[in-house]
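Each chain carries a letter (A, B, C, D, E and F) given by its place in the written order, and its residues are counted from 1.
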Amino acid sequence: MMKRIDAIIKPFKLDEVKEALEKLEIFGMTVIEVKGFGQQKGHTELYRGAEYQVDFVPKVMLSIVVDQKKVEPAIEAIVNAARTGKIGDGKIFLSDVSECIRIRTGERGPSAL
Amino acid sequence: MMKRIDAIIKPFKLDEVKEALEKLEIFGMTVIEVKGFGQQKGHTELYRGAEYQVDFVPKVMLSIVVDQKKVEPAIEAIVNAARTGKIGDGKIFLSDVSECIRIRTGERGPSAL
Amino acid sequence: MMKRIDAIIKPFKLDEVKEALEKLEIFGMTVIEVKGFGQQKGHTELYRGAEYQVDFVPKVMLSIVVDQKKVEPAIEAIVNAARTGKIGDGKIFLSDVSECIRIRTGERGPSAL
Amino acid sequence: MAKLPFLIGILLSSPGVLMAAEIDKADTAWMLISTALVMFMVPGLALFYGGLVRSMNVLSVVMQSLFAMGLMGLQWAILGYSLAWGSDHGGFVGGLEYLFLDGVGQEANGTIPHVLFMMFQGMFAIITPALIGGSVVERIKFSSFCLFILAWGTLVYDPLCHMVWHPQGFLLTRGSLDFAGGTVVHISSGVSALVLALMVGKRKGYGKQSLPPHNLLFTLIGGALLWFGWFGFNAGSALSSGGLAANALVTTFLSAAAGLFSWTLAEWILIKKPSVLGALSGMLAGLVAITPAAGFVGPGPAILIGLVGGLVCYLGVRIKTRFGFDDSLDAFGVHGIGGIFGALATGLFASALVNPAGTDGVFYNLETGLHLLGEQILAIGVTVVYSVVVTFLLGKAIDLTLGLRVTEEEETQGLDATLHGESAYQS
Amino acid sequence: MAKLPFLIGILLSSPGVLMAAEIDKADTAWMLISTALVMFMVPGLALFYGGLVRSMNVLSVVMQSLFAMGLMGLQWAILGYSLAWGSDHGGFVGGLEYLFLDGVGQEANGTIPHVLFMMFQGMFAIITPALIGGSVVERIKFSSFCLFILAWGTLVYDPLCHMVWHPQGFLLTRGSLDFAGGTVVHISSGVSALVLALMVGKRKGYGKQSLPPHNLLFTLIGGALLWFGWFGFNAGSALSSGGLAANALVTTFLSAAAGLFSWTLAEWILIKKPSVLGALSGMLAGLVAITPAAGFVGPGPAILIGLVGGLVCYLGVRIKTRFGFDDSLDAFGVHGIGGIFGALATGLFASALVNPAGTDGVFYNLETGLHLLGEQILAIGVTVVYSVVVTFLLGKAIDLTLGLRVTEEEETQGLDATLHGESAYQS
Amino acid sequence: MAKLPFLIGILLSSPGVLMAAEIDKADTAWMLISTALVMFMVPGLALFYGGLVRSMNVLSVVMQSLFAMGLMGLQWAILGYSLAWGSDHGGFVGGLEYLFLDGVGQEANGTIPHVLFMMFQGMFAIITPALIGGSVVERIKFSSFCLFILAWGTLVYDPLCHMVWHPQGFLLTRGSLDFAGGTVVHISSGVSALVLALMVGKRKGYGKQSLPPHNLLFTLIGGALLWFGWFGFNAGSALSSGGLAANALVTTFLSAAAGLFSWTLAEWILIKKPSVLGALSGMLAGLVAITPAAGFVGPGPAILIGLVGGLVCYLGVRIKTRFGFDDSLDAFGVHGIGGIFGALATGLFASALVNPAGTDGVFYNLETGLHLLGEQILAIGVTVVYSVVVTFLLGKAIDLTLGLRVTEEEETQGLDATLHGESAYQS
């Protein structure tokens, strides 16, 4: 069984999280720039001397499909690398992936990761 | 059980959808800018007097993970807020999320949302 | 049952993949620009005569929700259209979608696709 | 009065002997480049405004200025120059002898070729209507906007230009001073922009959503072109090279620097964040405020005008939140308010020592100064009333026929795609 | 003929007494800034072109113009100036006495310093080859492009410049008129661009995918720099300040405004969408069309030339869809077609009243006009044939050795990353 | 010596009769536009630097240059001009008679209006401190930076300007040559930038992450403005129109072209990738290197200076990777190294034939040349030592009070949002 880990983190933590995952020999991942809404409030911005509230916070979403057995180590690595202790550190969501195909070779299953 | 709601909507509806969700006390969500292909055809653009067809339509995808019991109200809220009645209003896809972790605290499950 | 196909491909293959899917009468999809990490290494870039390594590779992620029975033909079409035979051609991930709603009409299930 | 060399040229020579006046090559060199500099302000304005709107509307905003170059450029050659600078009719408007630039050639007009004088003035006639666009972006119909500026240029700009700058113009002969266009350019466009914004109505979402600038770097580039070009605008209004042009260039720079400084400082103190848009807006405020005064006041007063001008316009743009109208890019807040302030300041700080063609203002000679101030107020009043009335009538007429505003769907999807068939950016 | 002051300088003085001619400081001031203005067009071109390609190739396009500044700048100083402006050899090419700028100093050449004349001319020698790049973007090898423009500048531009502008150049002495480079700059680069585009072949995906501009704001900025710089290009070609320069500046502006207007209007009527790229293209068409005529025609004809020039080029760029070649950024459609149209229009509208060094064109004096028109056609013919032949030979030679085109993989991944090791944008 | 006309003006006339000197309108025309051109370099610098940082800090970088316009513009009018150009005190600093521009009016100073001379010089006083910002971007506190440049301008720039350019300045009277600011502008800012970078420390992630430029097109636009404006900077330093200005303009262009060429070629040979940033950096290196020499050397030597200058600065920017300091945008690598190289090269290539106010350098006359070279080295030494010491003291003082560096959180989240309350881009 394969699992998909979607981790939403602070953008400047990307490099550290990536390194932490590489230590676990997880070399494949896909990164998406997203905007987050949550408990962390956006900042205020100026427009000609008037302030307005910016609701969203720039975040980065990592999408990593791993073999079941790497899920827990991966989560732990991400949590440790991405944590600053301040509101807005982000979330990790886990879901099932029923199949994986490597386009180049057509091979399927965990070995295609 | 937690569910992931992926709602693809028209970009200018984002604010209204967000407000509708906040009324349901759903405060967390992640927003991605995407391009959509579907029944709604893109517009034509000009290039030095020649017209060409632009296939894609800018859309916004909201990814919201909620507790099972909030799924139906959330869907209803999104549908109401995002509907214009014209082709291209978008879709909502539902899928399962097996786990959720809050990076800041490490807590798991629905309470981490 | 509906399935979600997330295909990460090389950006310049998007048009070909889209055409291949249209041949299967799959007309709906959502496209996200992403950065990929994997076996394909990024290139080196210059900064004032110094070289540095760019880790990520621009990729495009197609997210397509289809009826169960179209999954295999779709995968085959994507693999054929997106393959160049070189490292970095990308992956396809399959997962379950439990429900689909068309915002415009409120209809649900495969017919809402 | 700023147009003195021209004035002398006209007075001393009947049209038949105009060719006898002599061209000064140095004056001509400066006016050639000044004309180019003012032209450069038009894309500057396009970029300044373009950066401040949402990305789906940037091209529609750019197009307002860009197309004004074609439309008003031709209008000027065909009709406008004659209306503004043809032989006087009652102090209000020029005759039709220069239609299609008939008789406008390389002969001297003052000390520069007539055709060059015509072109320098033409650039002002292009940028002024383009300024108005700033208050109605993201929702005005392009066709209606074009029609509006064509009529406005002909009915408002051209006569005002005549009244204020033509040697027999009634505001000039009465004694008001406007070196480079405080009334003609800034007040006229600023108040017209306000009227038009009220007629077109607010943008969808205004007050609820934030509608922030989509690219401040383009606004910076536009601001740079404007500042650079403004040297031609103000120092070129000396219509000659030499001390007066130098004075105007220096006062222009110092007022802009001072406006930049004071607006930024105001933000820094009040909101703790000195912003780039604040700095650029203050610079613009300083430039607007010094425009009528540039060739009549010295460097010291220019700094004061800039410092206060920055603060006045800072307040000016805040008004709209109080009154709730949507002057989207503050065409009124900056050009209207700043122009009025500058015209008044000219009455206070003008000095005959700086420019013998001017008068001493209130701070140098109370008697002549109060008279001057009175004339300044009159000129402001005439400009405001005339611009407001004609703009209102034109706006109503267009609204009832073509309609001023795009459809809600066009506004929602963005004007670039719906009106112009383009997207500014592709990823 | 545009180079008359220079011509007189040369004729009246043997080289030994060239120092005796007198420098006019006002002419020099105008030529200093004109030279700077033409230089400014090169980054203008880089931006104009750069905005029109896909973002993965923008730097490769920018680099074509930017590196031309270094490469052709040095070529001009070392060899090109002498080939173009050295003592005449048979009306075709100059001698080698100015190699390494030997003998090119502060002495007067006409009324400006010789070294300044050299530099002003040098800017034309830089931008002309850079124009060619527009037809072969997104697929030409950078090394091959550099080699090509180096050889093309030496073998095509320098001799053509001599033939058309040198006082003993054979096209000049026969009587053809080219004020600022209709043949030398625009036709030569335009037709060469077409030949090169045919040799390099179409871009992958051309005709199937849409390949839209990635950033029209950069194209706008580039267009602004081009328009602004063109005042130096055309009005600077008077080589002096005064009436002629003023005339050239005014005709340049009016033609650009008219071209902008007519192209935009054509789109508006035909496709219902007036576009920013259309406005910019029309402006460019107007500028190209007026270039040979700027100092020979008056403002009225300039408007006509611009109006028609805009429409002609609009058709010009549509040709390629008919014939299916990939002149990617319309270097031929705008510069080739527009240049030919402008050279012909000069034969129609030139007036000796505007410039005594010119001739009356067809519309003013049928006799001299028809002769002039004949010479214009000859000059066009010589330019086209010569440019096409040499470009073809050079292209073939390079294709057989270095290869003209990048690999398919490089084209797919973008030239910025593969050839230049850079990405323009990081998010 | 570059300021010779000014020098003569001062020497020949007691202040009381300064008004008697005559204004030359052609010189004034050229200086009007030169002043505008140098002003244009400031937003040019903002864009050049702004494109090179990460998008979350671009506004903070832009703001350094922009606010310098307000802050240092006012400082110059109030105090700086007097300190630099007031009556001499011991060869080191000027008197206070020009405080608040008292007595600085339209009267002639040399052959141009005094007020214009003041403003032209003022632009140098603005851009020089802004250059320093390049080494400390993305982490310096904005308030501290403002305080620093205010003090640095007053304590370093103003006196240095006096020593090097004032007719009684001690470096000028000893005989060193600096046409347009090799020592005063580039060396002083370059070495100060290095010291400040060491004091502020490296950016978080420096050496580990890549921190690539976020938008090279803005850097290109900035580079274009810088090159264009540099014609005013260097050729305007002739303070007159004519042969000397022409020479300076030509050497400026050729050196920039040569620097662009050599740096790009070095990359092409060493790394196989000729880059746009390389071309722009080489251009800048060529411009910096020719600055002190522009009016003293001929076109041939200018090419050499550019070629070598490009290579020297290429090495200059590579030093930092060896020594591991974070001169983020290479203010030291380009301006410091390039300025020192240029000042030395002036000692080698200067020729009295080019400029009688200069001296023959080593390659033309060994005797005068060696003396000149000695003076050049002295001027470099004085500039380096003085700038380093004062910068260090100022930096320490500010660090101990306000603190030089933002908090880690501010640095992480970006200075635009945290210090300036803005985002440059909205999608």
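As a convention for this text, a contact is a pair of C-beta atoms (placed from the backbone, for glycine too) under 8 Å apart; a residue touches a chain by one contact, two chains touch by 3 or more.
These are the chains along with the protein names UniProt gives them: D, E, F = Ammonium transporter.
The structure presented is a predicted model; accordingly, all values stated were derived computationally and were not measured.
Chemist: With contacts counted as defined, which of the two, C-E or A-D, has more C-beta pairs across the interface?
Modeler: When A-D is set beside C-E, the one with more contacts is A-D.
Chemist: Using Cα averages as centroids, what's the distance between chain D (Ammonium transporter) and chain E (Ammonium transporter) in whole Å?
Modeler: Inter-chain centre distance comes to 34 Å.
Chemist: Taking each chain's centre as the mean position of its Cα atoms, how many Å separate chain C from chain D (Ammonium transporter)?
Modeler: Chain centres of chain C and chain D (Ammonium transporter), defined by C-alpha means, are spaced 52 Å apart.
Chemist: Just how far, in Å, is the C-alpha centre of chain C from the one of chain A?
Modeler: Inter-chain centre distance comes to 18 Å.
Chemist: Could you pull out the residues of chain D (Ammonium transporter) that touch at least 2 other chains?
Modeler: Within chain D (Ammonium transporter), residues 24-26, 29-30, 33, 212-213, 215, 221, 271, 273, 275, 277, 420-423, 427 contact more than one other chain.
Chemist: Give the residues of chain C that touch two or more other chains, as numbers and ranges in rising order.
Modeler: 32, 45-46, 51, 54, 95-96
Chemist: Which two-chain combinations touch?
Modeler: Going through each pair of chains, those in contact are A-B, A-C, A-D, A-F, B-C, B-D, B-E, C-E, C-F, D-E, D-F, E-F.
Chemist: Can you name the residues of chain A that touch chain B in the complex?
Modeler: Per the touch definition, chain A meets chain B at residues 3, 7-9, 32, 34-39, 55-56, 59, 61, 75, 78-79, 82-96.
Chemist: Write out the stretch or stretches of chain D (Ammonium transporter) touching chain E (Ammonium transporter) in their complex.
Modeler: Residue list for chain D (Ammonium transporter) touching chain E (Ammonium transporter): 23-26, 28-33, 35-36, 39-40, 43-44, 46-47, 50, 58-59, 62-63, 66-67, 69-71, 73-74, 77, 100-101, 104-107, 112-113, 115-116, 118-119, 122, 142, 215, 218, 221, 225, 419-427.
Chemist: What residues on chain C touch chain F (Ammonium transporter), complex-wise?
Modeler: 45-54
Chemist: With touch defined as at the start, can you tell me which chain F (Ammonium transporter) residues reach chain A in the complex?
Modeler: Chain F (Ammonium transporter) residues touching chain A: 205, 208-209, 412, 417-418, 420-423.
Chemist: Looking at the complex, which residues from chain E (Ammonium transporter) come into contact with chain B?
Modeler: 210, 212-213, 263, 266-267, 270-271, 273, 275, 277-278, 281, 314, 317-318, 321, 330, 333
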